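Chain IDs A, B, C, D and E follow the sequence of writing; residue 1 opens each chain.
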């Protein structure tokens, strides 16, 4: 077995001496770093965009009034800018959504994680993914053209635009999120826990309620918090189905406006120039940003603690 | 939609210079220009929601039969919102359901545009229409004063919670739900300035950006009343009832036969406008071309979109103004 | 409370007069196509320790998990044959697995306390079986922990999380948890293999103590352990019972050549 | 536990409760899927009659009888032509940097936190960013480019996270094998890691595009006009896209009821596109799963 | 092509005249605080097989990975001491790891082909080192596969995925891949421990063949294997070299008691 001399060794040696290879090794990380930095720039961009014009806004409107006034009429001759009606609309629609998403999402998660056979799971999970993948505009259309008329049939007093219908539909949209994150949390509880409880003669239900859910609770709560954050940030469903009434009310059969819907309304109406109304867009956007950011940070914190548990 | 900058149009001038022979058909137009160019670029229009159906109809016809390369974009932010964009030069045309105000003219001047550069075009007549729910069988006829009074802040109740029975005792004792377009809209200002004579609107009035939302809200609420242009009523006669207004000579139903400066519905009649930025018309051939087309098509499509057409004489006058721009 | 006072001799000749608690008859078990248990027949007597030994993969865990039907958690499993627990067929449809498991407790290879307090771990069983009274629960917890020889070490920290305990303590906690519902039989699948020698010794002593009240089946890899703690031993190989005899006899005088090879360390 | 009659009856109750709850859980799971079914049936019954060849191949119109969505489809496709490459390049580069170069550094955890927070920012806020930066500051107006860049930033976290996962799941021994041959880090990444991670990256890519195709709010905020008749021909043109057209038609359905049917028909098109894309993602995921 | 015609005697007395290819001088290595290699000094001669044996955790893998500086992929690692490869200090800053690794190839414990075709696996090395010509690549692939005794088995399926091969074939493919760039030295870290006996035999025969052209360092758990294939053997214990001698001497007449204990199976 002789080394038939193909000059391979020599070629390799020559190639190793080439400089451009070394250059590549230096240039590539720099390029990649630049790309990675874009995501940081995006965040900076968002914050700067919001902060600048929000500051403009607070030159005209007192901070205190913005956060305490229940009167929002940005276009009147004597405009008033109280964000409370929007926060109220946002919270109420999100609460309705949670009332739908949490029970159904959590029970789906329990069913899939603790009861369903492998076959059922293989069937149901992709369907949940489909549900999660439907664009929100489709849900908006569904809320407007199906759920609102259906609800009006049940509740004759229901306004043509109301917060109930988009709230419910938002809840449906969020079910897969709650279901899949809670299921992850529950199925990551080690099987030995299940076995330990079952060996004591516990039924599936007792295992789930008294061992699995308590063990997975922080993961489950994190999924709820993320769901709230999603509901707060959801735009199209509420824009289409909940109208743009700026009244401060708790009546869920009436029209309300969320922060997101306000932004849409304002950009499709009067986004043209530097009026106070235009700046209010950014003040509302900034509030919305802070709301969701806080929610996300809470969720991250909870689920990080959760991961430390085992 | 908002936020369009007209900067995008500037670059298209060159493309428009290409004198490729016309392939467009000359439909009903008896244009004075012997050869039609193939134009391109955009024409940006925003403003009145009342005018929107008419202007959108004209735009579509223009794009499908005259210049398929030109993109005419019609928004409906409201007359006031339209002027706000028109003033800094974001628009080629600003539609309006009220005339431009002095303060807006001043702002124009600050942006280097005098009224000589702006051509005001009266497109058609609109009748402000009071609409109620189909199930409302009592308020189908009202006097002008009743309408004014019910919308006046503090006239019936200090907290502006007005009941139908406040107006006529035999009417139901239920709260009236007042609706209307918001302050972006010329219709609001017409109502406030001309009809209410600048007295405050009831505080309970629910003002909306989109006319479609208003139609929706009134059609689902028995106690609702709203006001907007006749066009939005005629396309929804199955959902809404128009109030017949008694101006002193018996109730008048708004219709193309009654809307007009000298006709029975005259008191609630107003012209609707579009304002052309003359500088852009000079710079951008597609804008000028479209302006000619608007004059030609406005009377043609006014009827089907719920407007009474302008007399030909007035339109001829505008045409000569356009000719002067060349 | 020193419970392990004197070490008794462990090698007890199988006692014919004792009641047979678990009677396995011609048991076969498959995972899908693979047969893991072949025609197993074994009797376990009351208050005796039965050790199950054999090389890895011979079916020890499978067999012991069949005794409380935990093996059926795997949907692939198919079983035929019979197991009688105190004369009742455990596979009979009127016999719920929950009922069976209350009577046949199990301790696992790796300690698996719940992520709860020590107290709650032991109280879990009684609670799900409907015992609510705080006082009764307190008593049960104390008694179980004492019987598992853990009480003295944890009595001042009952409300701390069970994960703060050492491995050996966790395993005794799991035993206490099993004792809390007073089963008849305790199954133990290599209960000491994850533990250090000292903890192992403690558990072995505990088994000696527990057999006064319970019937015990213990799987072990460690032949010394089997010899030390059990009364009878079954030697499994490839899913079959090669030899089943009282422990002294099996280790001193095996009948089968394969048993001898295994206990002298020639394979496995 | 010693048996007594109370125990036995309690056992019966416990078993019953377990069964009851099992079916309750199952039924509630079905509710979610039931809604999905209702939604699809509703949209299809309303829209399928309007979905025909001429609807797909003609231009927009105010007249519902004549309206078609050719320009809308072209707009969506061109939007994806911007989003695809931009997201792909940014996403993969970021993922490589985080997984291969910045591993375990402070900078990595900073960017990682940043990305997961970005993933939770509401899309309407991205719209404001796009409006302020791309539309106004860069003067891109409501062009395809402005919309595409906004969308790219919006879906970037999806691609980054998916690519990171794919890169992480490439076994270390493959890298070692390559280094053992004298390959440099970049050679190893380019020739071994990326090809092995490609299916995962592609799956993430498709999922991010399908998110971008359905997003509406950022485009509304950018100010897409209601009626655009010319078919866009360059990325500097104004455009309209499937979701935004659905939005406008839904909004105007009050005035012209047939618009609701047009919206439904457009939704069918959108759902079919998404279905095909997601199937492709699942196919890729299953086909190339775990080969080592 | 029958290459393995006759088995040569493996026990060759260390040849003083051979050139020393790898010279390790007083090498110390730490993982963080833990010292894994202590003052290692070893010489490996040209075209000889050096076996490294020792119980688990003694530092065999760490040492062999230091020879091609793969150990430095772990950022915790700190090294002092010297390794000369053909008189050049491998830790010198002018000596790039890429260059070192082209000359010191490595075969791993678990076969680790790339998820590519058989052809591409072997062509990978030449390609990254700048060889583009199809014809030359074909020749290299063929020669390397022949030298790794794999050609006959795969020549008709060069474009199939390498993961379709059996474990033993995969390991020979990895050897072929290493040969493709014609290194001087081949490091093998327990190359047969994941393989069946027949594949192991094939690899052992291959090592015998390869040492005609290459210097080989092989880590093994299996003392018979060390005795069969190597010329010299180093016995590691707790990070130290206890004994280093020619294989025959080390196995027949160990100097150190610990070596004797280990090779007679008394521990490890």
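Everything that follows uses one rule, which is that contacts are C-beta pairs under 8 Å (C-beta built on N, C-alpha and C of every residue); 3 or more make two chains touch, one makes a residue touch a chain.
None of the values given here were measured: they were computed from a predicted structure.
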item	value
Minimal step count in the chain contact network, chain B to chain D	1
Chain E and chain A - chains in contact with each	D
Pair with more cross-chain C-beta pairs in contact, given A-B and A-D	A-D
Of all other chains, the one whose Cα centre sits farthest from chain A	E
Most widely separated chain from chain D, with each centre as the mean of CA atoms	C
Chain B and chain E, separation of their C-alpha mean positions in angstrom	86
Where chain D and chain E are represented by their mean Cα positions, the distance between them in whole Å	49
Separation of mean Cα positions, chain D and chain C [Å, integer]	52
Of all residues in chain E, the ones touching two or more other chains	98-99, 102, 129, 181
Contacts with 2+ other chains: residues of chain D	1, 14-15, 131, 182, 184, 220, 223, 251, 253
Residues of chain A touching at least two other chains	16, 201, 203, 206, 267-268, 271
Pairs of chains satisfying the touch condition	A-B, A-C, A-D, A-E, B-D, C-D, D-E
Chain A contact footprint on chain C (complex, rising order)	68, 70, 73, 75, 97-102, 105-106, 108, 110, 112-116, 124-125, 127-129, 174, 177-178, 181
Complex interface listing, chain D residues touching chain C	1-2, 6-7, 10-11, 14-15
Complex contact set, residues of chain D against chain A	1, 14-15, 17-18, 21-22, 24-26, 28-29, 31-33, 35-36, 38-39, 42-43, 46, 89-90, 93-94, 96-98, 101-102, 110-111, 113-118, 120-129, 131-133, 153, 156-157, 160, 182, 184-186, 210, 213-217, 220-221, 223, 243, 246-247, 250-251, 253, 260, 263-264, 267, 270-271, 274-275, 278, 282
Chain A residues within the chain D interface of the complex	16, 21, 24-25, 28-29, 31-36, 38-40, 42-43, 45-46, 49-50, 53, 103-105, 107-108, 110-112, 115, 124, 126-131, 133-142, 144-146, 172, 175-176, 179, 201, 203-206, 226, 229, 232-236, 239-240, 260, 263-264, 267-268, 271, 281-282, 285, 288-289, 292-293, 295-297, 300
Of all residues in chain B, those that touch chain A in their complex	1-3, 46, 77-78, 80-81, 84-85, 87-88, 90, 182-184, 206-210, 213, 216-217, 219-221
